[in-house]
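One structure is given below, represented as structure tokens, and several questions about it will come after.
Labels run A, B, C, D and E following the written order; every chain starts at residue 1.
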Amino acid sequence: MFSIELVVLSTLLAGVLAYIVSIKLPKLGSYLTILASLAVFSVLAYFGFNNNLDAEVNLIPQFVLFKTSMFGLYFAIIVSFIFFMVSFFNPYFIKDYKYPAAYNLFYLMALAGTIGVFFASNFITLFIFFEIVVWTSMFLIPLGKKRKPTVTYFVFSTVGSFAMLYAVMFTFSITGSFDLAAISVLSGKSALLVYILLAVAGFAKLGAYPFYVWLPKVLGKSPDPVSAVFSGGIEKLGAFIAFMAILRISPASIYLEAVGMYLQNYVIAIFGAITIVVGTLQAIRQDDAKKLLAYSSASNGGYILVAIAMSSSISLTGAMYHILAHALASTAAFLAIAVVHYRTKTTKISELGGMIHHMPLTYMVYLMAIISMAGIPPMGGFISKWLIFQAVINKQMIIVAVATFFGSIGSFLYVFRPLAALFLGQKLPKYKGVKEAPFLMMIPLIILTLGSFYIGVIPNQVIDFSNKVIAEFGFGPLLMNEFGIQGANGTLSAPIIASVFGLGVVVIAIIFFILPKSRKVGLMDTYTSGEFIYTEELLHYSADFYAPFERLYPAKPLISKVYAMIKEKVNELGRFFKYWFFTNKPEVTVLWIVLILTLLVWGDIL
Amino acid sequence: MNPVLLIAIPLLFAFLSIMNKKFARPLLLVALLLDVYLVFTISKGLYSIGGFSQYGINLLVDQYSLIGLMVVNVVFFLTVVTNCKEVKRLSTVLLVALAGVNGLLLTNDLFNLFVFLEIVGISAYLITSGNKRPLATFNYLVQGTVGSGLYLLGLILLYSMTGTLNMALILPTIVDKAIPLSNLALPFMLMFIGLGVEAKLLPFNSWVKGVLQNANALTSVLIAGVFATTIALTFGRLLSTVFVLGSISNIVLVILAVTMLAGEVAAFASKRIREVLLFSAIAQSGLIILLFANGLVIPAIMLIIANIVSKYILFTITGKMVDGTKTDEIESLQGVFSKNKLVGFAFTVASLSVIGLPLFFGFIVKLNILTSLFSQYQLFLSALILVVSLIEGTYFVKLLIKLWYSVGEVKTFKVDALVKVVTLIFALGLIVFGVYTKPLTDSLMTVPEEMMEAIAERGNF
Amino acid sequence: MIQYASIILIMLGLYGLLTNRNVIKIIISLNVFEIGLNLFIISVGYVDGGLAPILTGNSTSVLSFVDPLPHALVLTSIVIGVGTTALGLAFAKKIYAKYGTYEIDEMGVE
Amino acid sequence: MKKVLSLLVVLALGFGIINSLNQNSSFPKFGEADVSDRVSDRYINKNVTEENEEVIFGEDGYETGSSNFVTSIVANYRSFDTLGEVTVLFISAFGVALLFSKDSKRVSLNFKPNFMLRVGSRALFGLIIMTGIYISVHGHLTPGGGFPGGTMIASSILLLYLSNDSFRTKIKGFKLLEGFMGSLYVLIGVAGIYVTGYFLENFLDTGVVGDLFSAGIIPIVYVIIGLKVGSEIASIIDNFLTEEVS
Amino acid sequence: MINILSIVISVLLVILAFLAVSSKTLSKSIVYLSALSMLSVLGFVVMKAPDVAVTEAVIGSGLVTALFVFTLLSSRKVVK
């Protein structure tokens, strides 16, 4: 037996310890983060799989209560794994940070917070840990290039968490209970309100439309390990909340016969679809590889939402699967970019090229990651997308189906771009001395890729697990035999697909290696327009692949104009108040006193 | 011990202090120490001045005033100790102010309250006169005088209707004489406005900006921390045991809600650190009074405690910072904490607590406020509070990030070891209370009951 | 009648505060406000045909006195008024020393 | 325009208040105050703890022996208010002194004190100061009391001030008096705690109503107040007659 | 008799107050204020408040006026 409380507390303590150590020895402190997150992951995985986690709370006072559930465990294992994987990068990045000690502290605190969220038994606990994650992870952001995303992140996260708080308190005022199950009791309009508020909370955290603008800012500008953690780990809190909101609350509303689901779920699905489309479109346009991945994270969040909204066994399994697959793949992608960034100090697509010659392993990792994100076998992303497509087609939701397919195709377009621009293409002279990733960085890269590959070939264990999870929400298990998953319109046999795919790869490799090879030529060993080339200029066009798209729509999302406007309005209001009330003139006060009193004494007559 | 000593000792020392200027500051420190000691030794009860039971002036010591006295005296003491240099010739004023503050918290008589209000007010004018902005202080004086005049007017109307000035007797008399609520609207509104001027409520607070935007650490902590807390507690007692808001509750609620919103929004639009803090203080006091007006005494007291502690930290550090760097533009203060990490830590903790993030005391307070509001089914108010605290969080986070991370040159400032220690202890206190609040909540449990007891017993002995 | 006049006095004091932009005039307005207030307080305790609240050899009935409590309150209020007036004038002198004028509009923005 | 508008608003408020007070059934009409219903009834009868009884001039054994009810309230029933009030004046005087910086000199008046002024003012000084002290001492018997008395004392000093340029230095001595009197007031109050258990309790014999030596500590308190107020106001005046050297 | 007196006092009070508040020159305002204060003493006497009347006469009317005058005096000096 191992108690959750102990996990959370010892992670916090480890954070403090890492802080103290890193005041003098930042690097040692960052090794501590590796150890601590390893410990958290292994404890959760070991005891969790054996159903041996203890939810009792003795040390943390007051209203903090934990419980074990498959649902929480699933998330906790994934997120702690991501934290563990990313922590390998900390020793390399720690020296760039202004406050290395604080980084180590907040890294582990954020981990503890996420664990707390997933095992929370009542909403207060959930909210406390949710907010802890918000503010600790918030302080990780400004350690990167820019300070401003911190505020953006805070605003959007807080909109989400306050929406949740309001929902929680509202539920409390009606049912008198903070228990997670209490929301199921609600009915009618109050249920709808709580549903909407919780959905907003989930949306905000997941970075779904219209709250997705924080993702590119934060993921694009934070330190690389932090981006990875956000994309693979912390963002998943939103999915967690969305799961609960959508599946546990049943506000009575219009049942849409055509798609076989309730109106509010349909709206969520539509929002998910919009997220997919917008995220994809924006991702295509980005020049910065991290921003690109950030938009891709947003659009993947859209898939998860669509899947949850359809709430059937197959779609929920798809959602769960997608959470795992995306966490693995996007973390791997972010970490691969982080390696490039670490070695070359830039993530701009237009400034890079030919990295495959310097870091082939990183290239492979990135390739596998994007294969998974694009949903191509034999990676995990393929299975999850297959499941989601199955569900969409089954529900006959035309718009959503179009969006999801569009997203899938779009993701080919955008993930290919960094691949071509960063890793392939022309070798750039200024990166001559760039080496492959250091050993410690390779470990998580390889593990993540293998993991992604494994769940793409042998989905059974994951689906077993997710069946247990969806059983907690009252859905039947997804049928599955040794070789395949029983979908609505067919059976998916991942191992077979993988072997076919593997066969293909082998065949191509044989062709590639056996047939006469092309000759490698130097950069100057060519000519263009009848002229020889004497300068090493950039000759490949991967940076401007999608120039036509760029004329179609602006790189900045339209919705961010709305947010800028809101901010400006608040500022204006502030200036208005300052001008009219805080004037430092006594007559203003007197005037208001007179007016209010006049209103009072003549109030009956007027 | 007789609580009147809390007032008498500082007064005595104040009178003594003008005989010889050399002894003024030592006397101040001794008086503060004595008061802090006394606060922890006085026992609860109703104390008569002159022995005229309910017909004379009484001092009431219940859990409410006891908590207020403890908080205020301790913070007053620390403020003076940590700003010893700025005290200079103000020692006598501070002694009188101490007496006034204690008097406001203790008194159970409406007119006596007015007298102490004036004492505190005049001391406040003098304390703020140190900032070399006579016009701002003059405005404060004018508004303060009008405010207390209106309070007096309301009080005399109330007296003419009920025939008593004893706070414990007002409500019972109103009930006995069956005075209709509409008749009470005018006096209560007048008193509300009168106190509202001092409590920085919105349409009546145009003095705040002028007074606080150029204040040093001593002035700002005293005005925005100690005095504001005292006025809020006094206001709270009146709102919960004397006022019957009845027909004016709508006007009052609108005033308070607008105060809260306007304060936060104005802080959001401000570019100077002291302005940000002072507008935030306005909004906070609006929230505190709002809670009292809704009868939520316990959350209000918790908020007051959280507020005075964090205000102490924020204003002290800001004062020192502005002293050292000679600027209070946030843009030119960027990155100051990178050279003063301890102070920065305390400042950060205080602002996170004000925002209401978990692990800090402010979170517990916010949770309590919302729980109580929702149990009254105040959906709109709680939504407003959330919106407002979102705005608050935004500008505080912005401020924190700017103060921690520099662009270009970083200014430095020196802080005494004592200030560091005190702010750090307060910051740790915010964390400790944020994690383990039980002793505090336990001691607050009895407050509303005890407040009502005095009324039930009609000020009798 | 005096009661009504006192209320009007209070209002005129407020009117003065509203319209005057001269430091000294503001203090004068405050004084008008306070005089009105004091008159009002006394008027609240006035009893038609009542005696001044001093016990002399030839006073008999208890109820014939006017209410003495407001008198005591007004005494306090007058003295407090003097205190604030003195302080206000002191600030006025300070302002004068700094800006060379009593007119707030001529002082420019601070 | 602005003035007319504000006058209208203010008058509207004034008539509104008058109107609402007229409609207010609980608010007594002018001249119809019911004293028996108020706490002052107890003060008039000099009996707050026992049953109401009529007070008769020339008898003893009452709570306060002051024949002036206002004085009995100011210096006994609500003496705490008075202490506060003295403090307000004290702090104002101190504040005025604080605001005028140390390096200030006297305002030079436009005339030189001539012989008549000097002699006349000295003669008047005696008269006025006597009146002031008389008023203070007889505060419990006749109208007046410490505040007007003290102010008179201060104004007598003002006379000296006008007649004698070198008088200013002596005024510093009033600081001592002021501080001492203030302390005395508080100490009398504190003594009350130890004599009878209540702060500012009238612990002396209250004597016969109407006598000069009656009413316990009331005359003492009033004399203290008189002296204190006098010295405070003197110091305010002193400060106002100085100007900053610029 | 008392009624007529009080009416006269009231009317005068209001007029003087208005003059004090709205008169253009400072010295006139101060004189009006002083007169207002003296008149209010009459009002106090009419309302049977001798204590207050004495105090107001000495402090309100005398002292306050003196303070105003002193202030004006000292400020004239600087202007010169």
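Annotations for the structure displayed:
Keep in mind that, in the parts below, contacts are C-beta pairs under 8 Å (C-beta built on N, C-alpha and C of every residue); 3 or more make two chains touch, one makes a residue touch a chain.
Remember, it's a predicted structure, so these values are computed and weren't measured experimentally.
If you take chain C and chain D together, the chains in touch with both are A, B, E.
The greater number of contacting C-beta pairs, out of the two interfaces D-E and C-E, is seen for C-E.
Using the average of C-alpha coordinates as each chain's centre, A ends up farthest from chain B. With centres taken as mean C-alpha coordinates, the chain found closest to the middle of all protein C-alpha atoms is B. The greatest centre-to-centre distance from chain E, using averaged C-alpha positions, is reached by A. Chain B and chain C have Cα centroids lying 28 Å from one another.
Mean C-alpha position of chain A lies 76 Å from that of chain E.
Computed from the mean C-alpha positions, the centre of chain A lies at a distance of 68 Å from the centre of chain C. Within chain C, contacts with two or more other chains are made by residues 1-2, 4, 8, 10, 12, 14-15, 17-19, 26-27, 43-46, 50, 52-54, 66, 69-71, 73, 75-76, 78-80, 82-84, 86-87, 89, 91-94, 97, 104, 110. Touching of two or more other chains is recorded for residues 584-586, 590-591, 593-594, 597, 601 of chain A. In chain E, the residues that touch at least two other chains are 22, 50-52, 55, 59, 63, 67, 71, 74, 78. Interface note: chains touch in the pairs A-B, A-C, A-D, B-C, B-D, C-D, C-E, D-E.
Within the complex formed with chain A, the residues of chain B that make contact are 135-136, 139, 142-143, 146, 150, 185-186, 189-190, 193, 197, 202-210, 248, 251, 255, 262, 265-270, 279, 338, 352, 357-359, 363, 367, 370-371, 373-375, 377, 379, 382-383, 386, 389-391, 393-394, 397-398, 401-402, 404-405, 435-438. Residue ranges of chain A in contact with chain C, taken from their complex: 584-587, 590-591, 593-594.
Looking at the complex, you find that chain D touches chain C at residues 2-3, 6-7, 10-11, 13-14, 17-18, 21, 28, 30-33, 35-36, 38-41, 43-45, 54-55, 57-58, 67-70, 73-74, 78, 81-82, 84-86, 88-89, 91-93, 95-96, 99-100, 141-143, 145, 147, 209-210, 229, 233, 236, 239-240, 243-244, 246. Those residues of chain E that touch chain D in the complex are listed here as 22, 50-55, 57-59, 62-63, 66-67, 70-71, 73-74, 77-78. In the complex of the two chains, the chain B residues touching chain D come out as 2, 4-5, 8, 11-12, 14-19, 47-53, 55-57, 89-90, 92-93, 96, 99-100, 103, 111-112, 115-116, 118-119, 122-123, 125-126, 129, 157, 159-161, 163-166, 177, 179-180, 183-184, 186.
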